[in-house]
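Look for chain A in each of the two complexes below; its partner is chain B in the first and chain C in the second.
Let's turn to the complex of A and B:
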């Protein structure tokens, strides 16, 4: 298999398995009782959670206002489509740029902070953007948000793809997710990724080792915000609207939940599993009862009490137990590469 | 002079808001300092406290006969005082329960505790919606506190004066408790170095439980006083905690006077801008925060503490 300079393979077996599931989903979705739109939503939230986990799982920086950048991406994309040059790629670029700009600005205040200071300040900044999104009615449409963002045609070279069906959108999002997974896998196994983990384990020691910690923190925050912006833009494209709900404190909390419930602290794949479980659980509970948020909250509490390392954490423990029957001890600290 | 006089009612509004925000923030800060947990359920405890007080003031006792006749025969003022005592106590008990659950997350990653309280916040908010419905409720207040009075040429709302005085009084009591009693000394020591406190033979788990309950009760008290001004709806907890978060960051985490000053500054900023552009009044507190953080990264009175590790 291809390997990168640091020795980690560029494409791994779990990756291939995931891509196989990802790209065949529209073929068996209806047979399994699912629908294309659900797949789009799950893929978008996987993008969001993967970007978020760069910050939480790898660098150990708990942002509780990440919904802001998701929302800014959605609004930037929507506003771009109302402008003179509508188009998918330009819209996505505008969303990524807008979210990165906002995240970069916020990160200037945050990159010297850690722990509870960091978390509280992300909440505060998240609220600023949420407030602006509601109050800047002339730009964002206030509480209603931006409506009727028409899906533009996707022009790739000479081809022109009509995005009116959710299946087409799904494949577009799946391609982006594939690229993102390969890039992020490469990134977390690069020296930069190692530095992120060094900061998570002991920030002071990382600084003494010569890393410019604040710059690394600034970069990862901005990058993570930009990815959230891309996810937001994709959701705006799919739903043909952008609204302030995604920027609220609750929505920001949900991405943290997604990341942790899957096992973001113990595996690269944690956020992928988490987003999947999160959206499916929402659909199942939402169909079964009006008060799904109540059960959702209880579910989270139970997960945090019983198995805070999430689904992948359980899986790894089972695997370790099986392995204990044979020789080979398990490394305790650090990322486990699946 | 005219100009200043026109501003006076707005200053009073701002001061009332600021002191009550500070009260919410103080409870939150105590919990952060002693347990290193960001209690995202704080707003829900605030709201639930107000709902419970509403029920205690006007309970549905039909079918209880004599008890109903006796209790509802009490003047509204008496029932209000009963609510002001018992609703926070009930919330404190709920806080004990939450803290006991939180114990499983101590010593692990801090995010786990934070997310446990986030789950609790969802549960509490949905429970409120389930029991009392999604609509707006009215928090009853005694007759003597409602209405308005005239001083000079301006009309003042009696309730806002009461809220201001009550807020200042409550903060003063918290300060006396923390600074002048041996229990306060133990709490402060616990915030500084909990291991050492345990080594000195103090029952740390019990201390943590009591502090969590105390912080929760402060939120409930603020909820009872603030909701007649703000209205009582399931979402009110989130609306109230957001300024509290800002105040804590603004004043410096773990600092008593920083929190109080931050609260007053935010309250005055919101009150004064409310006089000119009410839609944008909340923006002023965000701008205030950004301005302060630009020059003082840890807030007004913030020091480098163990909380940053």
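Let's turn to the complex of A and C:
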């Protein structure tokens, strides 16, 4: 198996299990009562939440305005397709660059802040971008959004892939998600990830250990914004449109809820589970009642009251209990890898 | 002894918070390879003095010179990178990390490897062996995998010193390392510091005079934001302030 320079696996077993589910989904989706478009949405929000958790779960920095970067990604992608060089890859690159630029600028103001001041400033910046998206009608289409962003052909070398079916789009998003998971897993297990966690636990101590905390915070915010931008672009591609509502305060709150309900503070996989739970709950509850958000909100509150570490937190506790009950506990291998 | 360049010098430091003067023309110097002590009553300005020396606060006036270089007003991270390490009066660890991870994260090679995406330091035996060695030096061998937050108090204090040492410092500032420890813990810590003084330059803030007098070669007494006395423990025995305090019980 692939390993890093110091022998740690680059692809882990939980990853393989997840990829297996991810890439077989279109084969069994309909039998399970699901549909391809839902899979695309879930995968996109997993990307969004994974990037968000770098900030919240690892660095302990609560952003309540992350929808701004998701939206900027969506608009950048859409506007790029109206330009002289339409194309999926260039559009994605434009979205990532646009979101990174915006996040990098915002992060200049945020990286010396923490706690409530950090949180309030993310709300303020998020509201500014949301406001701009509605007011700059000439660019964004205002409240109507950008419409008719046609799905271009995906050109890979000599091949040209037609993206008109959601199943094809799904595989494209799944490939990007796979690459992202492998890279993020490496990132959080590299010295950079260790530094992020150190900052979450004790920013002051990290500074006195010589870490340039503001630079690390700037970098992770920008990176997280860029990933949100990529997710936004993929949604714009899928929906063939981009709307300002993804940038609103309550839409920004969704990614926080996803990350928390899944267990982003205790596990790399928290946001994956959280995004899955969120979109499925929206569909299942949404089919039953128009007030699904009320019920989802109540569900969220119950989970946070009973088990603040989220779904994965429950799973980890069950696992620990099973290990204690089991006849032969495995020898300790250092860190829990899940 | 040849007159060498002074190792760490603070010249006439002033610091005020609002209209309260906390440091008033404080001058101190610490020689390489020695243990220096800073003593004084609560609120005398000892911790503020450390905070100015290590970059948390900028002095209003005065200079801080380390090994011939002016480091006045640099940020804590810049000062740390010059080989100046410190511990804190109030417990300051990465509580969710294990003991060995606390040391690992403070190693300079980990700090300077932030761009190495494919480096898993926890799986790197060279890094972990070094961290284990530092833990051993502060008496925490065998406690590697315990979360810092779960260690008993005395071991947490020892781990704090370990985190300060992990940076391979050229000078270490310890702010009231015995804070909250019982007599047994103090004795153990005194032994630990006595062992460390062979390899490190140490500056220690301490209330406990017995503790300090047994370790330091030079002691400065700070009161009302000023250095009111300076000298060897023997010289200080004769000092008015020291006599007036409870030192008599010690001597």
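By definition in this document, the second predicted complex is superposed on the first by the 324 of 338 C-alpha atoms of A that agree within 3 Å, B and C clash if a C-alpha of one lies under 4 Å from a C-alpha of the other, contacts with A are read in each partner's own complex, and residues count from 1 in each chain.
Methods note: contacts are C-beta pairs under 8 Å (C-beta built on N, C-alpha and C of every residue); 3 or more make two chains touch, one makes a residue touch a chain.
Keep in mind that what you see is a predicted model, and the values were worked out from it rather than measured.
By the touch criterion defined above, A:266 reaches neither chain B nor chain C.
Of the two partner chains placed by superposition, A:47 touches none, neither chain B nor chain C. In the superposed model, A:300 makes contact with chain B only, not with chain C. By the touch criterion defined above, A:107 lies against neither chain B nor chain C after alignment on the C-alpha atoms of chain A. With both structures placed on the common chain, the touch criterion links A:117 to chain B but leaves chain C unconnected. When the two complexes are overlaid on their common chain A, residue A:194 makes contact with chain C while staying clear of chain B.
After overlaying the two complexes on the shared chain, residue contacts for A:237 are found with neither chain B nor chain C.
On chain A, the surface touched by chain B in one complex and the surface touched by chain C in the other have no residue in common. For chain A in complex with chain B, the touching residues are 56, 62, 64, 109, 112-117, 119-121, 123-124, 127-128, 131-132, 135, 248-250, 253, 256-257, 260, 265, 291, 293-294, 296-301, 304-305, 308.
Taken together, the chain B residues at the contact with chain A in this complex read 32, 36, 38, 40, 101, 104-105, 108-116, 118-123, 125-127, 129-130, 238, 242, 245-246, 248-249, 253, 279-280, 282-283, 286, 289-290, 293-294, 297-298, 302, 307-309.
Residues 54, 75-77, 80-81, 85-86, 88, 92-97, 101, 104-106, 108, 110-111, 113-125, 145, 163, 166-167 of chain C are the ones touching chain A in the complex.
Per the touch definition, chain A reaches chain C in the complex via residues 4-8, 10, 183, 186-187, 189-192, 194-195, 197-198, 201-202, 204-213, 216, 332, 334-335.
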